[in-house]
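Order of writing sets the chain letters: A, B and C. Residues in each chain are counted from 1.
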Amino acid sequence: MIYRENGQFKTSYTADQQIFTIAQDKIFVLAVIAFAFIGIPFLVDEYLFRAILIPFLILALAALGVNLLVGYCGQITLGAGAFMAIGAYAAYNFFIRIDGMPLIVALLLGGLSSAGMGILFGIPSLRVRGLYLAVATLAAQFFCDWAFLRIQWFTNNSSSGSVSVSNLNVMGWSIESPVEKYLFCLTFLVVFALIAKNLTRAIIGRQWMAIRDMDVAAEVIGIRPMYAKLSAFAVSSFFVGVAGGLWGFVHLGSWEPAAFSVDRSFQLLFMVIIGGLGSILGSFFGAAFIVILPIFLNQFLPALGSFFGIAISTAAVSHAELIIFGSLIVFFLIVEPHGLARLWSIAKEKLRLWPFPH
Amino acid sequence: MSRKIGDVILDLQNISLRFGGVKALTDISFNVREHEVRAIIGPNGAGKSSMLNVINGVYHPQDGKILFRGQERKKMEPHMAAVQGISRTFQNIALFKGMSVLDNIMTGRTLKMKSNLLMQALWIGPARNEEIEHRRKVEEVIDFLEIQHIRKTPVGRLPYGLQKRVDLGRALAMEPQILLLDEPMAGMNVEEKQDMCRFILDVNDQFGTTIVLIEHDMGVVMDISDRVVVLDYGKKIGDGMPDDVRSNPEVIKAYLGVGH
Amino acid sequence: MGFFIETLIGGLMAGMLYSLVALGFVLIFKASGVFNFAQGAMVLFAALAMARFSSWANAALGGDSLFLANLIAFVGAGMVMFIVAWVIERLVLRNLVNQEGATLLMATLGITYVLEGVGQTLFGSEIYNIDVGMPKDPVIMFESLFEGGILINKEDFIAALIAAILVGVLTLFFQKTPIGRALRAVADDHQAALSIGIPLNRIWVIVWCVAGVVALVAGIIWGSKLGVQFSLATVAMRALPVVILGGLTSVPGAIVGGLIIGVGEKLSEVYLGPYVGGGIEIWFAYMLALVFLLFRPQGLFGEKIIDRV
């Protein structure tokens, strides 16, 4: 009875084109955001910030970017990790090579560099589709793995091959403690999620979806495939690049190319598929699932073992993690190929009719 | 009818199209006059759809010339045809399944929308106003086609007849000069066919849109078209007024069957 | 000149193995539309099984006959791969009929994790050796033709020979036998094949089984050369450019593509590598395939797709 749109009439197209057309949705989302900014910093301890919340925020941002490309524009990518790496290393070089470079500007420039490379590696999408493209994007991944390992200039000739940043601050506010880092990342995520939502409900979003659903028809009604696809690659890589910068600068502090390996690319793709292709909310669900699951298993399995009086070795735990993680992914794909976001919208449909389902 | 048939708007001269060794079209010439309803008929595999694909740039013929408003057209991509004002519907409905009816028809406005990516990202000023302005246009199309009640429904969930109507709506949203219709009435029942005929004639009448249509239902073709071109095995075997074509012996043999 | 030919031959021999693994990809893709990312994990899994069975059998036989132990291990590992194929068909493929390519791809990534986890739980996660008695010493050939002759690694040569024979046998199998014909029918159109009574599920088990055997052979060859360890799973990644170069559905494409990639990698590493800091063979193959795709999107032997609207 609470979740109802009855009586909420639209009298102008402006009102009908809002992000949340149902008032309750709007209130709910605003409440969640307010709670994330004001409530959580007081409620959560450092470990949770560091192990779960910060990685979740950053990876959700990256997943959002991947979802724009894969979910909205239908171009499968297995190279998202590479664009995180480009974002991180480009931001790093801007940050240390230019005196007085503000942190946020460096991160955004990192994102722009990533967007540029995204366009470059997106060119094959004009010629090939589907799985061929997926494999082609691996080229970006392996090339970047190699470049950031072997080309000394990118790492400022660091002898160990790893790079690090310190003394992060935004206009005098330092970003050092977990709470500060959390709020910093949260702000990024909220702003970028809004941008993503705007793009997907605008002309460009419709062009992406048109290309995804039926590319020949899209071309016939005047959509240029080149513009639509490359803009999707650019925007997606921008998001992913900024996320990469945050991952390196804020989450890790010092990092090596291995932080952005092909496993990271797979992980991001998992997030959008499990979360829901073509759904912004789904990107968050997917990121939460993939971030929390391994931590949960890591804690839960030894506890379960000791309950039955068996000591489980760390190696066994990590193998069991692999098995359970893999099985759950397959399980999810079988049970709900449209992802967690679909479950959410089904729940909402039900709630709308509750308590009178007919 | 108040409309007046004008000059030749589209002139196809000696078009030949091959796929490898398969000849889809052989040396076909015909023209389309402004504001007329031009039908292309012929048995299955006669090359009708290929002909439309040639007109809007999906296929590129090996030989022949295409003149649009007297200008020879070079090899061009489909979206350039759209820029010139040629839109079309599809035989096997090619709607964007994941999107709502409204969004599908909105895609037809793409060429007319000019705001840049940054403005769209921030949803400010021109991007936002433009969206409202074009929404108004699209609502006109929706009203015209009488599909108000389904505007928010994903097209994948609609029945076939309505999908065909949305397909037409998307093409109309482009405000085309030439509208190509590929079997707009295939698989419809009598009532739906009547509706569709009415829409086609209204479009032609109210907006003066030139229409090129492929159709199998001979009754419909004879009723609504001004001139008919007949294809068989990729060759042109007849061209003229519906009545002339109906009495052309070669057409009767190839298309209507000997016993007709 | 001698050195060039030596590199070329080395590349061809390495390429033959890529062809073999690529063939595994192509068979599965043709029959079930699945882009099998788990191929690498299958190689690791098979190699682990082989290595452990071999040492267990050797211990049981008292170390008398290495050949017999290896034979037992090979049969055992083959059976394990059959079980793997059957389980995958039962639990995964059967439930994912008619899903999109991306979903299936993700499912095989899930399978990858499971196989890696199960493999290491069952067989342990140390580095093992497979000793199938491959000769390790190099020979020098064509001394009369070139100064210093051409150095050929016997082990590589035998590996390439085995791979070539297997590729030949598989090609014949799929071109000439009734099962092969059924498989090609399934590849063309699942539903049409089903409607004329081809048992889809059994065909899938067969191709996954064949892919398992391919993985086993590749695992033995690479395992005896590099040792059986976790990194074997990533070797299959190197074979991916082969399939896009050759075309996902083309058997000859897989073979020729494998040879091209093998040669390209070796030549680039030797002649280009020193200028850019080495290690380029990992991405060079991908770039090669990518550039190739720009000019011929359908791959080497794929047919041009005509869009019908």
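One rule holds for everything that comes next: contacts are C-beta pairs under 8 Å (C-beta built on N, C-alpha and C of every residue); 3 or more make two chains touch, one makes a residue touch a chain.
These numbers come from a predicted model, not from an experiment.
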Winner on C-beta contact pairs when A-C is weighed against A-B: A-C
Farthest chain (mean CA position) relative to chain C: B
Distance from chain C to chain B - Cα centre to Cα centre, in angstrom: 49
Distance from the mean Cα position of chain C to that of chain A, given in whole angstrom: 33
For chain A paired with chain B, centre-to-centre distance based on mean C-alpha positions, whole Å: 41
Overlap residues in chain B, where contacts from two or more other chains coincide: 58, 90, 94
Residue numbers of chain A (touch at least two other chains): 216-217, 220
Multi-chain contact sites of chain C, meaning residues that touch two or more partners: 307, 309
In the complex with chain A, residue positions of chain C that touch it: 35, 91-92, 95-96, 99-103, 105-107, 109-118, 120-121, 125, 237, 240-241, 243-244, 248, 276-280, 282-283, 286-287, 289-290, 293-294, 297, 299, 307, 309
Of all residues in chain A, those that touch chain B in their complex: 13-14, 17, 195, 198-199, 202-204, 206-207, 209-210, 212-214, 216-225, 231, 235, 278
Contacting residues of chain A [partner chain C, same complex]: 70, 76, 123-124, 127-128, 130-132, 134-136, 138-139, 142-143, 145-146, 149-151, 216-217, 220, 262, 266, 269-270, 273, 277, 315-316, 319-330, 333-334, 337
Residues of chain B touching chain A in the complex: 56, 58, 77-79, 81-83, 87-88, 90, 94-99, 103, 106-111, 113, 115, 117, 120-123, 127, 130-132, 135-136, 139, 170-171, 174
